[in-house]
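Below, subunit A partners subunit B and then partners subunit C, in two separate complexes.
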Partner chain A sequence: MKRILSYVRERRRKRRVRADGGTVDRSSTVRRWLDRDIVRSAPFWGPPFLLMGFFVYAAIGWNFTLSLTDFSGYGEPDYTDLGLGNYWTMLQDPAFWEATWHTVVLLVVFTVACLGIGLALAILLDREIRFKRTFRTIYLLPFSLSFIVTAQFWRWMYNVENGIVNQFVGLFGLGPYSWLGDPDLVLGAVIFGLVWQFSGYTMIIYLAALRSIPKDQYEAARVDGANTFKMYRRVIVPQLRPAMVSASVVLMLFALKAFDFLYAVFGGYRPRQGSDILATLMMREAFGNSEWAYSSSIALTLFVLSLAVIAPYLYTQYNRGNL
Partner chain B sequence: MSNSNAVAEGRSDVRAVINQITLRHVGLYGSLLALLVFYLIPLESGLVTSIKTSESLISTQPFAPPGPDGITTEKWTYAFNALGGGMVNSLLFTIPSTILCAIFGSMAAYGLTLVKWRGQLLVFVLFIAGIFIPYQSVVIPLTQFWSQYAMLEARFGLILSSRSATILELIITHTAYGIPICALLFRSQYKAMPWEMIEAAKLDGASLWAIYKRIVLPLSVPMFAVVFIFQFTQIWNEFLFSLTLIGSVSDPAASATLILSGLGQALEGTDYPLRMAGAFITALPTLVVYVLFADKFAEGVEV
Partner chain C sequence: MVIHDYKLGTMTEKQLQSRRAVLKTAGVTGAALALSGCLSGDSGGDGGGNTLEVLHGWTGGDGAKAAEAFFGGFTDEYPDIELDERPIGGGGNASLDQTVANRLQSNDAMSSFAGWPGANLEQYDGVLGDVSEVWEEGGLADSHVQEAVDACQFNGGYAAVPIGSHRMNDLFYNVEVVENAGVDPSSLTDIDSLITALDTVASETDAVPLVMSLAPWSILQTWAVVMLSTQGFDEYMNFIEGNGNEAAVRSTFETLEEIMSNYISDDAASSDFTELNQDLMNGDAAFIHQGNWVAGSYIGEELEYGTDWGAVRFPGTEGMYGLHIDSFIYPADNPSPEETASFLQYTGSEAGQVAFNQYKGSIPTREGVPTDNFNQYLTETIEDFENASMKPPTLAHGLAVDQSTQSDLQGVLNGNFADPYDVDAATSGFMDAV
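== the complex of A and B ==
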């Protein structure tokens, strides 16, 4: 502490001399270096960068190292004996491939459904209507809730005897179904609940993009005699492409890590058969079975998958100067 | 003669227009209302279920309110008692980490946007990628770090109880993972900031700190509001870190979402009314914040 203080005092003194002018500056290279914008701005971006960098990037590196060990159960990992054995086990594990398949289904269906419903909601709200803000607020409401909270609602919605979903399909003479128990239905049921929660998000993204389209384009299309449907299809929707791309990146990355909802719906690490995804498999192997090293290799797979989504996106954004 | 004809024609035109408008409006508002029902019915059903006695739970429709003799507040009382401590814990780590995230995010965005230097975009890309990484890929090192290396409780046992040590862990963890999104939000605003003003201040010899304090911070107040609202709900709603860092539902540091995940689960089955009451109590702070500041929340989502 004392040393730091004296150092600071020393520097102040030096500076004062400099400010007085005339003194030969021995440390001019140091000074020039200190005056560079990257260094001068470092007190601002440095601390957050270090904190975030440690918890994100160092942790990912650590996770990779862990995946090379054979750490399981209690005790400490042995970092001296490293190998790719866990990845080999993973590739031969049928549970891994099943979870991968479910992840792909969830990712595709969830993303497409959210994009479609969100677009419909945005187009419905993209006009002069009463209570526009109220509608928008309520459609986005589920997105503001915790997955643990919404999972409770959907457990009740999907209840076999008393659930609203079974009552609804009962109107058409169907059911009752065990939505969360039947291996053929459970993944669809989970996706439906997640779409309920996320479609408001896509709507907001589209609405923001629609707002930036000049109003005279609508009028021009009208003058050309296009009806509403044609106008949206030919003129408006093509301009929503960038919004669609960024929304689908966010949705796909969410689908890769969706764990909370499944944990809360099924009340534990093991989702009902037919709905195990990579995110739940990883958490179960780690915190359910204490297979730390093996689960790290699944975690790293998830990281690589999300990198495969985010890297092309960031690259194109960078090339377009959007960052 | 021709005049009255024209009037009649005009009238029928008006009528046709009215008919058309009403039909279109009926369709429009009909779909908007149907969607309203779709988004609200799980909450509505949860709300009416939470005040039902076990008899009226079976005898009434899941979306219908219970009869006058089928109402009970017992579940709400029970859920409140079970979740009260968790709500306090959640607030104790949510509020500090929200504030820290906002401050760090704003500082990072300032250093990476309003001071120009080569390579800053690369650093910023690392921040953005930090928003999206699946937490599964960091969660094992994270638990290792806190339990084997940082060991706050063992080191600072004299001044930190086990509960406050866990809450401190959660504050730091949530801050670290919240910084990237906050940096992105602030940067989106700083990019649009009047550059001449900052250049002028620089020419006047103002230091970077002075520019930040006198010009940038006052102009960031609206974005701070957005970040507070958005980040508060994100951290409050979070579950993965609570589950892995707190460890057990009965821990004195257990958060509201963690307690809710195990509430009313018994061998005989799930106590749905209790769960619904618990879900609403857990959601209450976010619901209040959301309803009061829906526009700010939407702004946070948009970027």
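== the complex of A and C ==
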């Protein structure tokens, strides 16, 4: 600390007054470089930059390098013979394509359903209804629960013989269905459980956006003769677009990480046929089969998918000057 | 000099220096504590390397009780050894296996971990140590059954010590349900008589004839026992050795399809075997085929053998003992070689094997163990083991094929034979996998 203080005093002493009232440094270009904003602010952005660089981006880079090796089992990977063999194997693996398809279906259906249901709930709760705070809490509650807990709920609710879902559809003379066992139903059942958990989150995002719209816009639409549907369609919903974009990105990233839910529902890395996603396939290859390099290539595919989700958002934000 | 701090208000330079000194001391102490915390973190060691850290997956029910008796006996016998017992449950053994894989991969070996010996050890090639000295000092090779001795050998030495053996070819039943149906389980001698019995249960009672989980490992173990029953020991051994007869494999799948399509419960796909076994205990199901760890759950529930539940050999496998072995495996770069050696000696000892197996529903791999502490069912199982002429190694639990092959077989079942049942695809998948 004493050294820093003496350095600061020395710098002040070296500065001399310029003719225009400012100061000029007598030292070299090195000194000028040290005085640049980016360098002077380095103590603030440097540590997080280094930490992120090392623990996130270097790890991704290492993961990519690992995916080029043929590392499996235990010991050390051989970095002398790198190649794209794992990616070639992956492209020829039907399990990979099946998991990719399920991942994309889950991503799209889950996101669209959450956005739609969240919007409907937000519009309903934005109106003057009784107990709206209670309803808001009820709708948001599932989001606050862990995947492990909600997965167990759904295991019970989807039980073929005494689950509440089959009891309900039974009222209409349907079923019973093996929701978590039938390959044709299982992905839909998983998506439904996830939508139930995340619609409350989307609702809150929309609700916040709705509250920020001035009341006079509603009144102006009314004065102009718009009915409720038209008012929301033409005036209100278009203004919710930024909220929708933000919520979509978060939802899609959650969809890519649905591993926890599937792991808890099926009690392992191997979900029922029809619901395997890239995350479970990756875990199975890594920790079930010790195929570290191959699982790294699947992990990188997941990473690219995440980038594909977030890149358009970042680009839009950049163009708008928000980044 | 007077300095203003927005948090501390106004203070003199002397006070500030004093504060800095305190902060500096606190910072250094904190960093030291954090560093020591990091260093001692996951390894569970105390720096001296003499803490015995053992990982296992027996976290609930009979398993937890068996582990408690086993480790309790160890600490009584070795009070000077500091034991760090780490039960890791979840996902069958998936969470345990993942933790073990992570730790071994990052050169952070534990003292020992529970796992299957046999072909299952191959996946740990390069990270296992040799405990031949433990075997020699304890005379374990002479005191344990030959199958267990063979299964624990790896790369010319020994990498594990067996703790017990489950039987894989038992068919358990609820006594009251089969009596109500008028079925005599002891009269079932082949697969056709079993199917007739299942038909009778279905027509005479409201109970589910056979409860069975559609978890891939569960289908795999039942496939293996159906193959032993219908195709015989030699065809089974040919298959696991990679010389499978396609007709035998196909026929096994056809028989299994008949059973699974007609006699198991609707919730088979979404229930695990513990839930389904509960149905049997409650009188809602007649039969279950499982390893005899389910006997541990009956013992735990204090159900009476012969009165509440019973067991016969899976029809067609009389004279066989479906072999499963649990063991404690020894990693290389062991953090506590001496303590682990003592632990493995205890594992192979009579005291350790009795303490564990009497609650686990398994039998000791050590020969000549007094059966005083074992119930009638386990005593009969011990006798059966000694008299069995054929001991086919389990396909679903690491003895018969390596972990990768086992995973492939489970993948085939999960994709093609877990309702709906595709005999063609499953047959070709099995023939390709082994």
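One rule holds for everything that comes next: the second predicted complex is superposed on the first by the 285 of 323 C-alpha atoms of A that agree within 3 Å, B and C clash if a C-alpha of one lies under 4 Å from a C-alpha of the other, contacts with A are read in each partner's own complex, and residues count from 1 in each chain.
One rule holds for everything that comes next: contacts are C-beta pairs under 8 Å (C-beta built on N, C-alpha and C of every residue); 3 or more make two chains touch, one makes a residue touch a chain.
Because the structure is predicted, anything quoted here is derived from the model rather than measured.
Undergrad: With both structures lined up on subunit A, is it a clash or a fit for subunit B and subunit C?
TA: After superposition on subunit A, subunit B vs subunit C: clash.
Undergrad: Looking at the overlay, what does A:Ala208 touch: subunit B (first), subunit C (second), both, or neither?
TA: first
Undergrad: A:Asn159 in the overlay: touching subunit B, subunit C, both, or neither? Say first, second, both or neither.
TA: Touch partners of A:Asn159: subunit B and subunit C.
Undergrad: Does the superposition put A:Val245 against subunit B (first), subunit C (second), both, or neither?
TA: In the superposition, A:Val245 touches no partner, neither subunit B nor subunit C.
Undergrad: Give one of first, second, both or neither to describe whether A:Phe287 is in contact with subunit B, with subunit C, with both, or with none.
TA: After superposing on A, A:Phe287 lies in contact with both subunit B and subunit C.
Undergrad: Which touches a greater number of subunit A residues, subunit B or subunit C?
TA: Of subunit B and subunit C, more residues of subunit A lie in contact with B.
Undergrad: Mind working out whether A:Val108 is in touch with subunit B, subunit C, both or neither, as first, second, both or neither?
TA: A:Val108: touches no partner chain.
Undergrad: Under the stated touch criterion, which partner chain does A:Gly267 make contact with: subunit B (first), subunit C (second), both, or neither?
TA: A:Gly267: touches subunit B and subunit C.
Undergrad: By the touch definition at the top of the document, which applies to A:Phe259: first (subunit B), second (subunit C), both, or neither?
TA: first
Undergrad: Let me test your reading of the model: by the given contact rule, A:Leu91 touches which partner, first (subunit B), second (subunit C), both or neither?
TA: neither
Undergrad: Touch test for A:Pro47: subunit B only (first), subunit C only (second), both, or neither?
TA: Touch partner of A:Pro47: subunit B, not subunit C.
Undergrad: After superposing on chain A, check 92-100, 110-118 or 164-172 and name the one in subunit B that bumps into subunit C.
TA: With the two structures superposed, the offending stretch of subunit B is 164-172.
Undergrad: Just which bits of subunit A does subunit B share with subunit C as contact spots?
TA: 155, 159, 263, 267, 283, 286-287, 292
Undergrad: Going by the contact rule at the top, pick out the subunit B residues touching subunit A in the complex.
TA: Per the touch definition, subunit B meets subunit A at residues 28-29, 31-32, 35-36, 38-43, 45-46, 49, 57-58, 61-63, 104-105, 107-108, 110-112, 115-121, 123-130, 132-142, 144-145, 148, 172-173, 175-177, 179-180, 183, 208, 212, 233, 236-240, 243-244, 257, 260-262, 265, 270, 272, 275-276, 278-279, 282-283, 286-287, 289-291, 294-295, 297-298, 301-302.
Undergrad: Note which residues of subunit C are touching subunit A in the complex, please.
TA: My answer: residues 20, 90-92, 94, 97-98, 101-102, 104-105, 123-127, 214-216, 265-272, 403-404, 407, 410-411, 414-416, 418-420.
Undergrad: Per the contact definition, I'd like the list of subunit A residues that touch subunit C in the complex.
TA: It comes out as residues 1, 73-75, 95, 155, 158-161, 176, 178-183, 263, 267-270, 272-273, 283-284, 286-290, 292.
Undergrad: Enumerate the contact residues on subunit A facing subunit B in the complex.
TA: Subunit A residues touching subunit B: 36-38, 40-49, 51-60, 62-63, 66, 76-77, 121, 124-125, 129, 133, 135-150, 152-157, 159, 162-164, 167, 196, 200-201, 204-205, 208, 249-250, 253, 256-257, 259-260, 263-264, 267, 279, 282-283, 286-287, 292, 295-296, 298-300, 302-303, 306-307, 309-310, 314, 318, 323.
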